[in-house]
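All remarks here apply to the structure that follows.
As written, the chains take the letters A, B, C and D, and residue 1 is the first residue of each chain.
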Amino acid sequence: MKTVINEQERRNFASEVESKLHDKLAKCYQCGKCSAGCPVNFEMDYTPNQIIKMTELGMADRVLNSKTIWLCVSCNTCSTRCPKGFEVAGIMDVLREVAAKRGIESKTEKEVQTFHEVFLDNVKSNGRIFELELVGKYKLKTKHLFRDMFLAPKMIEKGKLKMHSDKVSNINQIAKIFKDFE
Amino acid sequence: MKLAYYPGCSLKGTSFEYETSLLKILEALNIEVQEIPDWNCCGASAAHSLNHNLSVALPARNLAIAENNGFEEVLAPCAACSSRLKTAKHEMGSDDILKKRISDSLEMPYKNSLNISNMLEFLLNIAGKEKIKSLVKKPLSSLKVASYYGCLLVRPPKVMKFDDPDKPVSMDELVALTGAVPVDYSYKTECCGAINSLSKPDVVMALTGKILYDIKEHGADLVVVACPLCHSNLDVRQREIERKYAERIGLPVLFITELLGLAFGFSPEELAIGGHMVNADKILQKLSN
Amino acid sequence: MENNRVEEDDKNAQNDKGNLSGSGSAKEKEPRIIAFVCNWCTYNGADLAGTSRMKYAENVRVIKLPCTGRIDPLFVVEAFKKGAKGVLVSGCHPGDCHYTSGNYHSRRKYTAFRDLLSYFGVDTNRVEFSWISASEGNKWVSVINDFTNKIKSLPDSSDIFSKQ
Amino acid sequence: MARIGVFVCWCGSNIAGTVDVKRVAEEAAKIPGVVEAVDYKYMCSDPGQNTLRKMIKDKNLTGVVLAACSPHMHENTFRKAAVKEGLNPYFIEIANIREQVSWVHEDKEKATAKAIDLLKMMVEKVKRNKPIEDVRVPLTKKALVVGGGISGIQAALDIANGGVEVILVEKEPSIGGKMIQLDETFPTLDCSSCIMTPKMVEVYQHPNIKLYTYSELEDVSGYIGNFNVKIKKKARSIVEKDCTGCGDCWNACPMHKNVKSEFNVNLSERTAIYVPFPQAVPLIPVIDRSVCLHYKKGGKCQKCYDACGPKCIDFDLQDEIIEEKVGAIVAATGYDLMENSLYGEYGYGQFKDVISGLQFERLLSASGPTEGVVKRPSDGKTPETIVFIQCVGSRDPEKGVPYCSKVCCMYTAKHAKLFAHKVHGSQSYVFYIDIRATSKGYEEFVRSTMENDGAIYLRGRVSKIYEDNGKLIVKGADTLSGNQVEIAADMVVLATGVIPKKGSDKIAQMLGISYDKYGFYTESHPKLRPAESSTAGIYLAGMAQGPRDIPESVVSGSAAASKILGLFSKSEYEVEGTIASVNKTTCVGCFYCKRVCAYSAISKEEVKDRNGNVLKVVANVNSGLCAGCGACVNACFSKSIDLKGYLDEQIFAEIKSLAV
């Protein structure tokens, strides 16, 4: 793929990511150890080290629209083993956050993005997770009505899915946190 | 020492077995805990995926409440919760501005003074090996047990500061205390894909399947975990994985507290072992023989 | 004067020959192999086989030279004349020669060397060239064993000067 | 009659366990010429050696054979013992019945038979030994260093400080080599001229160093300890002793427009009479006769002469040949850079702002054409974005050379770093294939260029450079992310590959040393004798041997110096006596032997009658040069040359002793 590097855009993007990450992109050796151990690398379109390099080179579009940032399961295998102590898992968080803030919707990994959104909505309104509602809203939003559903009856039978929610009583404080930090 | 208890959402919902068994062994250990009043969700991975500051602020509320209630120590049995609490503490420790913003938002003073323990740390450091050993009434010597640590207990090490991130031993030590035989295998700290359990079930099944089949190959009778997310992938999804890969697994997955509970002589019912999706009768039978 | 002295000794040797039962090999069927090796690489390689206590066929008798570059085709002819059934020439690997290029000369001469030997009537199957470095004790062992086996497998010919 | 003593060593059970040592001794005693044969538990022990010495004395032995461990183990031990009893050390031979028998065989019968054979061979050999004397060569204790770069300067200073006279020959008007052209040097960023100039001055003032600049080696003959060298001192057109270095002459010279300065790598101009740079050593100008109007226009111009106060300009000076006798030589002729114009795709020579690394050094240098302000050659503007391209010419067997030039990864990192320090807000991009930064502090240096100075490294090569609107459009690849990238740069710096100095092959031929296919001098052994050439008495230093940086060049200069001081610490040069010798009566003068000798040890010698008429020309082995390989022996069809210690006669006797 061809990229024309625009120095100003490159710097803007790279420094936005660096400041949120509190880490330097240039630290990365590009040794690939992060990618070598990443459990979901097989599904990704760019390996974690490629994401780092492309961020450094200012390829914002490609990075923020990648599958990789949503497929990352935050297992921290990468950061733990990185010889330079680079925050690889952290950059995935930062890029998801930047993508979300820029209103970029993942074309291929929308479910992941939606799940996180629905989850936070659930926290916002209850202060805690009401699992039945979470699953229900998620399924509605993604239209994956039947996927996973066969598990539900048995889970209800086992007492795993509760029918009522346990709200935080000082729910205003939760709302304030969301307001202050969103 | 006043010990705060942060159950988190899972222990009150899908993983009620964990809380049930935990309360049993706390009783046996004679350790008193108090639930953090009006605690809220730690934000799990959704918060840090979408909003870094929120991912610190949500757990911080719980820490602040505990701190202002005079606690010094928090037990967060859920590995994910303990990871979020520890991360929040770590972040606020290195970012005074964020700490101040959060404290202002909560309208609560906050010193960032609490010590946070996950389940294994609690058992090894606070309860103590000696005490646990002394409580074992029914050694589980007939069982071969694989400890599955996953990600959140040990990674990232600079935040968790607990056990070796690639060769952990703490859970195996606890298993050994029960008299059971710890089983070594390759994927102890491989990720099961937890956070995308609902959104990318195929990926998660591939990851979890790899772990379960490896454990099976190494001859374990069961798996123990200390994380509700791991538990739900290994236990709840096990049938589905067997179907997908057309190969039986049949590995009961117990919380470490349940295993200890059995060794302490509690009945499977007292420990809510019947709440699991994979039937544990086989191992219970092996024990009663 | 000195030469005379030696000839005198030789005459004695001739006379005494029957008594030298030590070289019992004269009477046994085991073929005798003579190895011309360089002082720096192969000789040390053979020493290494020794210090490593590797075992190999007893048939070989080593003659040490400074370099394979010193080897004269006539040595080989002489060896066969004196009853050897096989001759091994071994030195440093190309490029590793202690004398910069001595083995290069012998390597370059290699083809000419073979031609010359067959001109003399030597069955060139019975002449082996190899490069064995000071660290290749195991290679020395396998070269000796393989070559010994090869010699044993060749049809026994009392006159190895005739080509097969 | 030969009187040979035989000792069969048990080596405890190491030998005696597998070999019937008693029988070996008994059989040995039967060999004609053997006066006594004994077995002994540990021959190398003091009592063992005493036994040996006692027998030499008591039985008046003419030779000794020990059947024991490998000669590489204890040959010297026994030789020393023999010498104490007045026996020539080469009359000791060893039959290796440990490494070649007892340790490798199990069948006692066969092992014993083999041990007897090996012993017999050695007895026959030792009978035919001739006394060999080690060779002694007289030494002229003076050294010649060719090349006045940092490596040659280091060698010269170390030798001179060791109290030995040195002649330093430099072909340029000043010493200093490439190092004096550099700005700051990795990895510590010391200013190159600050650390180099004092050394150059020290050379100039050293009482033990005779400096010939603007001079070249003309001819070398002789051998270790005794070289005769001819040095051509090119005519400077200046009477050196009178020149004050005032500069009036070059300021007067009208030729200041078209002549490119070599020192500034064509980035500035110089006059026809010039010193290459202000700190030149010696600070004496030279007239470039190829451009000077006086020579080109038949004496029309003499402005410099007129300007010169002491009137030391002499247009009629001629080249001079100086002859010197030295005992050792250091070849330190350094390197050149490849022609960048090979790369049409990079537009060197076509685009003014595509420059070489050495040119960038001059742009960075405070003494350079821009006084250290980075300006681009085309319009003098300060560049904001520079693209550096590594491995230009190196690691490119198609257009350049296959080897790695070793210094360019480091100097590119240095360039990017210094550029960042000099131009705030600037940006460097470095295209590389691998980064080779292996010495102490180097990796850290490169990392800090990336992490602290913001240089962006792209793993990939540049394919082509286009010019567009005053920008250089660099089309490259980042293989790590798998992207083709295009960068608009203000300037491009090529890290050009290193090649041996032009003419170094001629120097090698003159010195009789070998060089590889690229022209780098080859060391006697790449690991164990890295400072020596294949020819005794000639040593190597610096980039002339292959790519290396300043610290390594200094180390190699010092290594060559210490070898020479070691050589000169003895009164004579001694070599093992196992060397070739020619029978001059039978030699027919065909010189086949000369052709195969890798050490140039064979020369032609005229045999004259009493009246001085040449009777014939025969081969002569120079004992200082012969290494004793024996290659010449086989080359000789008239059997006129033989190798002491490995005489034909001896080897035939060894073979014969094995008769079956």
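As a convention for this text, a residue touches a chain if its C-beta (ideal position, glycine included) is under 8 Å from a C-beta of that chain, and two chains touch if they have at least 3 such contacts.
What you see is a predicted model, and the numbers here were worked out from it, not measured in a lab.
Asker: If every step must land on a chain the current one touches, say how few steps get you from subunit A to subunit C.
Answerer: 2
Asker: Comparing the two chain pairs, does A-B have more C-beta contacts than A-D, or is it the other way round?
Answerer: More contacting C-beta pairs are found at A-B.
Asker: Quick check on this structure: which chain has its C-alpha centroid closest to the centroid of all protein C-alpha atoms?
Answerer: Taking the mean of C-alpha atoms per chain, the most central one is D.
Asker: Averaging each chain's C-alpha atoms to get its centre, pick out the one most distant from subunit A.
Answerer: C
Asker: Centroid of subunit B to centroid of subunit C, CA atoms only: how many Å?
Answerer: 74
Asker: Between subunit A and subunit D, what is the gap in Å from one C-alpha centre to the other?
Answerer: 60
Asker: Taking each chain's centre as its mean C-alpha position, how far apart are subunit B and subunit D in Å?
Answerer: 67
Asker: I'd like to verify one number: the distance from the centre of subunit A to the centre of subunit B, where each centre is the average of its C-alpha atoms, in whole angstrom.
Answerer: Their C-alpha centroids are separated by 22 Å.
Asker: Mind pulling the residue numbers of subunit B that touch at least two other chains?
Answerer: None at all.
Asker: Give the residues of subunit A that touch two or more other chains, as numbers and ranges in rising order.
Answerer: If we look for residues of subunit A contacting two or more partner chains, we find none.
Asker: For subunit D, jot down the residues that touch at least 2 other chains.
Answerer: Residues of subunit D never touch two or more of the other chains.
Asker: Drawing the touching chains as a network, do you get a line, a ring, a star, a complete graph or other?
Answerer: The chain contacts form an open line.
Asker: So which chains end up touching which?
Answerer: A-B, A-D, C-D
Asker: For the complex, which residues does subunit B have touching subunit A?
Answerer: Listed in rising order, the residues of subunit B that touch subunit A are 9-10, 12-16, 38-41, 43-55, 57-58, 61, 94, 101, 105-106, 151, 154-158, 165-166, 189-191, 193-196, 198-201, 203, 206-207, 236, 240, 274-277.
Asker: Which residues, counting only subunit D, touch subunit A once they are in their complex?
Answerer: Against subunit A, the touching part of subunit D is residues 384-385, 427, 429, 450-451, 454, 456, 458-459, 478, 480-488.
Asker: Where on subunit D does subunit C make contact in their complex?
Answerer: Those in contact with subunit C are residues 1-2, 23-24, 27, 30-33, 70-72, 96, 98-100, 103-107, 109-114, 116-118, 120-121, 127-128, 130, 514, 524, 534, 578, 596, 598-599, 627-631, 633-634, 643, 645-646, 648, 651-656, 658-660.
Asker: Subunit D touches which residues of subunit A in the complex?
Answerer: Residues 1-5, 7, 11, 24, 26-27, 30, 46, 49-50, 53-54, 56-57, 59 of subunit A touch subunit D in their complex.
Asker: Within their complex, state which residues of subunit C touch subunit D.
Answerer: Residues of subunit C touching subunit D: 2, 5-6, 8-10, 12-13, 16, 19-26, 30, 32, 34, 43-44, 46-47, 49-51, 53-56, 58, 61-67, 69-73, 75, 78-79, 82-84, 98-102, 105, 109, 141.
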